[in-house]
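Each of the next two complexes has chain A plus one other chain: chain B in the first, chain C in the second.
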Partner chain A sequence: MLEFWLELAKGPIFRFSFALCVLGLARIVMLSAWGAAKAYYAAGDKELPYSLIWRTTIHWLFPIRMGLRNRPFFSIVSILFHIGLIIVPIFLFAHIQLWYQGAGLWWPAIPRHLAEFLTVTTILSAILLFLARVWSSASRHISRGQEFMWPLLLIIPFLSGFFCSHPAWSPLSYNAMLLIHILSGNFILLLIPLTKISHCILTPFSQFISELGWHFPKNSAKDVEITLGKQGQPI
Partner chain B sequence: MDRVRRFKLLLWSICGLAFAVAFRRFLLGLGSSTNLNDGTPWGLWVGFDVMGGVALAAGGFVITATVYILKKEEFHPIVRPAVLTAFLGYAAVAVGLLADLGLPWHIWHPTIYWQHHSALFEVAWCVMLYLTVLALEFLPVPLESFPRLGKIRNFLVKNRLILVILGIMLSTLHQSSLGTLFLIMPYRLHALWYTPILPLLFFISAISLGLMMVSMESLITSYLYRREPETHLLTKLCKVAAWVLGGYLIVRILDLLVRGEYLAIFENSWQSWWFIIEILISAIIPIVLFTSKLTRGKLGWITLGVVSGVSGFVLNRLNVGGIAMAGTTDSFYFPAWTEFAISAGVVSGAALVFLFAIEHFNVWEHPPRDEEDEKPYTLPRFAPVGTIWLGDPHTAGMKRNSMAFVVAAAFGFSLLPFSSLESKGLIKTPANSARGKDIMQIDANRDGFFVTFDHKKHENSLGQTQSCAVCHHAKLPADEQTSCAACHQDVYLVTCIFDHEKHKTWLGGNQSCTQCHPAGQNRSVDTAVECNHCHNAEDASLVLAVQESPIRMDQLNMAGSYVDAMHGLCVTCHKEIAERIYRPLHGTCTTCHPFVAEESKYEWDKLTQTTASPRWVISTPLLQENIDVEKLKESVAAQ
Partner chain C sequence: MIPLLDQDAILRAKANTKKPETMEEQGLRVRYHVENPLKGGRAQRFLEAFAAILKHSSYGLILEQYVRTSLKCARCAVSCMLYEATGDPKDVPCYRSAFLIETYRRHFTLAGSLKAKLFGDPGLTDETIEEMADSFYNCTACRKCVLECPAGIDHGLLTHLGRYILSEIGITPRALVVSVREQVQGKTRNTSAIPIPAMIDSCEFLEEEIEEAKGAKVKFPIDQEGAEHLFFAPVSDYMMEADTLCGIAAVLHQIGASWTIGTKNFDGINYGLFYSDIIMDRVLNEIPKEVKRLKTKKVLIGECGHASRTAKVFLKTFCEEGESPPVVSIIELTHAALKAGKLKLDPNVVTDRVVYHDPCNMARKGWIIDQPREILRAFCKDYVEMTPNGRENYCCGGGGGTVSIDELRPYRTSIAGKKKAEQLQETGAKLVVAPCANCKKQLREVVDDNGLDCEIVGLHDLIFRAIILQENDSPEKTPESTIPNE
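What follows is the complex of A and B.
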């Protein structure tokens, strides 16, 4: 029975979630580009310092130096978290083997020890991030439900994956652990284009748009209000 | 607009499903996504997409001829939708053809490599030219939105008559030449459908079908956009269609009478009933509904008649294109769901373009109005799940539709197995063990052609009971007459014989990984220790027979195919002995496979025609030794 579910999770369910993830992200990018283009053509005053906006956008896409100035602990943990989160699933040898068997695709893998180290750092930093979010009242107040959920949800595939590669320490049988690992991974893939994790592809867009906003001419908000005919109302 | 919105959602979903299927079709080829076979190489995509699509697009030339040549100005309101339908119909044909061609990137070949004896050559040129003509005919409509390109528009409008005449000419050629395609198969196509006047029948039916298709398109769009149906025009169109249908029916019956095949209608076979059904729904029901005093001019009956006629003629094209051949080809074909998905996706795509054109250009006198567009600025919304910014409501339709597309595509991907091994190219042929004891019949794939193997004689000549290990893996763990087929499990494919699960259990479950896979390294076949790490002389019970056998250690996990294993075992020895005793015949294929020369012609034909075993023929040593198969066939025929 467990084998049947494993086959299902590895096959149809994975293909569904992966396709939904890739196509969903492509959809979001296209919609954003479409919206941006539409706004650009609708805008009246297009005199903006574009070169400056580009430069600051790219600058803020790698916020290491600026992040360290403000809440350094949180920033470092967050960066560590992201490194493991991105590298391990993509460059784990066992995952590449699956791609090779299923689709004939192949790319270099990271060594096993590095993968294990990154897995542990990811799990620990996810816990720390969750605690930091709960601890700081400022963070708590601007957080939605999914912000609390995500670090905890992301721990599941990493922890189960760790137990899969160390079956001796595993509290469950190998196949049961593997099923948890695959299903949770599929679930995360499924949620990526539907939740805030879509920032993995939308960050450049949102960064660019917010930079644009910072460089709007003076009193442009008033103009927008007048154009919309909504003076004194929420927009 | 609510109906349109729901309809578009459905169309986008179908397109998404078709996207996933098309991805697989173009990645892995026709075998992986269709049920086509050598007996039925033309399936749903040709019958429905190409032949049906062309016929359904006939409305374009019929209506333009009516309005611009016959000067019936009353039909002017439906010219633009008719031309657009025709254009999209032909575009759908081109897209469907891309899916159906085995080498779609060769689609441009007819333009350079001319084969003027082929009916398909004419079809190809007509499709290309008529698609261009239709594009030019419709181009003035979208150009209305670009005042800067007014000169081009004026030029096209001024020369419209030339385009119309060209369109009629090309359609006449093309609609009929689709029938010409089937003139070369008088014995393949059933007598009720095959006739020398197929081109004429195709042309006449295309005219009536064009009229009905224009009516259908008008009915659907007026339902979707809640417009007043053009009942007055539709009644007139249907009246003309009824006349043409009557002509078609008379020609078809007369043809059967003249050819003397009319008795086939009453022979009570499935073809005869199928023919009666086709004639009934394609011609008789529409004629009755369009002409009877009770029903003509009433929208519900018109709709029924039009739907019946259109589906009847699509059925007619499917029949001529394949169904009516099933009796003679004797090969079973039913389209795979993937084929239906592509066909439906192509139609949905064309319908979406049609709706887009209707909403954005003056295909009608005024584009339909969307209440959502007319609301001034509404407040932005957030998605209820994940509270993602949904943007302004004006793009809500786009978001909804694209989401439907993505979900449907993902669903399609989940249904399709994405491994090239799943295609029909590699059929597994499980190997069976030999039958008999002293004289064995070796017929691994149980196809009735066996090698007679004198076990007793081999045993005697190789050294009595001491000789078992010459041929058998005598030291396999617990070997007791283990059949070759136990490891060489497929006749043509290799089999993995390393049992990972069993080794894991023997060595102590989940904690045993590091006994074979070194700690700290990625675990795979490449990094695992070799078999003789454990299976060595220190423990005699674990020594593997394979160490003494000709099997190479680096391929330890894989047992070769049954054919390769047997040939390796027998032929090597036989050739050696043949040289030693100067009897070359002892080492030839026919020594063991005598049936190839001796069996009757019937058996030979069966062997060469069986679709399941083309690889058998290729992997047979007979062909490997360059024996002239044609000559052999002839000699068998002479006997």
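What follows is the complex of A and C.
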């Protein structure tokens, strides 16, 4: 029975989740690109500080310098968390093997020990991020439910994956742990385009979008006045 | 770790001095005076205005982005002077931005509407609007937090948008509205309602002052057709910043610049930046009209952060009459003159310790940071920096138009100005150079209310003290070719 569910999770459910994740993110990127193009062509001033936008974007994609000067503990933990979160699922040998078997795709894998090290750092940093969010009154107060949920949810595939590679330490059978691993991974894939995790695809454009936001359409103010029926009214 | 203000001090700073019956009658408990706020049905009208603005602007683009990427990491908190003073989570920039982000999500996205139907979310309420009205005017729109947001959220832009929507339901500080009304519809056409004869008298008086101090006949040309530069000072300079204007006139005289002040429009202030794109558009479009009337070539903005940024950045956006005229800041012009060796500044006049305060609207994007420093280092014996500075500077505490709202003074000088007061004290400077009318007024109040021992001056005030003037009979070409493009 467990084998049946495993096959289902590895096969159709994964394909469905992955496809929805990719299509959802593609939709978001296309909507964003379309919105940006419309905003650019409507802008009264089309000169953008591309050099500044580029520099700031790179700073935030590799936020070592920017990260350390403000909330350094939170920032370092966050950087460590993201490194494992991005690298392990993509470059784990076992995952690449599945891609090769299923789709004939192959790319280089990271060494097993590195993968295990990054898995552990991701789990620990997720716990620390959760605690830091609860502990800091500023972040606790502004957080919604999903902010507290995400670090804990992301631990599940990493912890279950760790137990899968160390079955002797696992509290459950290998297949049961593997099923948890795959289903939790699939669930996260489904949630990515629907939640703030879509920042994984939007962050590279955020500096550009924010700068473009200040480049108002030439007639925007007058058109708003007309729509609200206030044109020509005294102040 | 900087100590927070104690609760009593915060309560004093946030004390509401308005009459209870006025607030009762208006149904609005904000600390600033409001003329005629909409009564009842505010949420509905707010959403209508929001929808109209979304329809005709590009704000939807950023809101779509921020709805998906707001991470709530609170990194912005530790760069915000308000949060650093109060420790109140409501002063976290991300908390403030969530007002608009969540309103947009709830009322303008499919997911928000579905969620509301499923969970019975009533949506935007009048209470939330009241909280917004308070919060958006606590923020000085200095945009320091923008530098700290990994998701690239521009909280200053959201404050700008929030105030814009609020203005469409009548919630704008009276001080700003009254000034704009005079500037756009009044007889004097300036925010301080200075009659034109009084402005001309001031200029003549300043000419005498300069001659007495420097022994040179320096003119403030009025309505001179065909001049190269049309000069716009923040109009309050004509009443309060005589030395700034003397310094500017002296520099322009020394470099042989061709310039003039127009009597139909001489006020650089544009409060539209602080509360309404509609107002910003209207005020800006008066500039090209005066340029055309006097057949000048360029717009020269005096010492004012928001006036400089508004003209430099937004005139290109809103200009109705063909190409917008080029805009130059007096600081750029003076710097270019210094580099071209056209200014003689006596290095033995200013001997006190000097520190430079960066106006946010000039420095945040890296536009004017090094130029004033190079000028000051050229003649000040003891020049020091405060930390942080430049792009990462702290706001004076009176940005975003709040300095004009007198009833907010206790808040501005104790909470918003706390960080700046500490910075000034740490430098031990006797002279604080702030080339911005808003910053100067705010910093003087910060100095007074916090018992600091320093004098607030403009950049050209100090230049005026040190400049050695020569009679200039053969005007040379203004050394503007060395001003780099933004």
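We take it that the second predicted complex is superposed on the first by the 194 of 235 C-alpha atoms of A that agree within 3 Å, B and C clash if a C-alpha of one lies under 4 Å from a C-alpha of the other, contacts with A are read in each partner's own complex, and residues count from 1 in each chain.
Just so it is clear, a contact is a pair of C-beta atoms (placed from the backbone, for glycine too) under 8 Å apart; a residue touches a chain by one contact, two chains touch by 3 or more.
Since we're looking at a predicted model, the values are computed, not measured.
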item: Contacts of A:A94 with chain B and chain C, given as first, second, both or neither; value: first
item: Which superposed partner A:F216 touches (first chain B, second chain C, both, neither); value: second
item: Chain B versus chain C as contact partner of A:G24, first or second or both or neither; value: first
item: Touched partner set for A:F16, first chain B, second chain C, both or neither; value: first
item: Contacts of A:Y174 with chain B and chain C, given as first, second, both or neither; value: first
item: First (chain B), second (chain C), both or neither touched by A:S143; value: second
item: Touching partner for A:H113 - first (chain B), second (chain C), both, neither; value: first
item: First, second, both or neither for A:Q207, with chain B first and chain C second; value: second
item: Larger contact residue set on chain A - chain B or chain C; value: C
item: Doubly contacted residues of chain A, that is, touched by chain B and again by chain C; value: 31, 35, 38, 144, 194, 196, 198, 228, 230, 234-235
item: Residues of chain A that touch chain B when the two form their complex; value: 11-13, 15-20, 23-24, 27, 30-31, 34-35, 38, 93-94, 97, 102-104, 109, 111-113, 144, 146, 165, 167-168, 170, 173-174, 193-196, 198, 228-230, 234-235
item: Chain C contact footprint on chain A (complex, rising order); value: 28, 31-32, 35-36, 38-39, 42-45, 47, 49, 52, 56-57, 60, 63, 66, 70-71, 74-75, 78, 136-144, 147, 194, 196, 198-199, 202-203, 205-207, 209-210, 212-225, 227-228, 230, 234-235
item: Touch list for chain C against partner chain A, complex; value: 48-49, 52-53, 55-62, 64-65, 68-75, 77-79, 83, 87, 89-90, 92, 94-95, 98, 111, 146, 148, 150-154, 157, 168, 177, 180-181, 184-185, 276-282, 313-314, 316-319, 365-366, 486
item: List of chain B residues in touch with chain A within their complex; value: 20, 376-377, 379-380, 385-388, 391, 395, 398-399, 402-403, 405-407, 409-420, 509-511, 513, 520-524
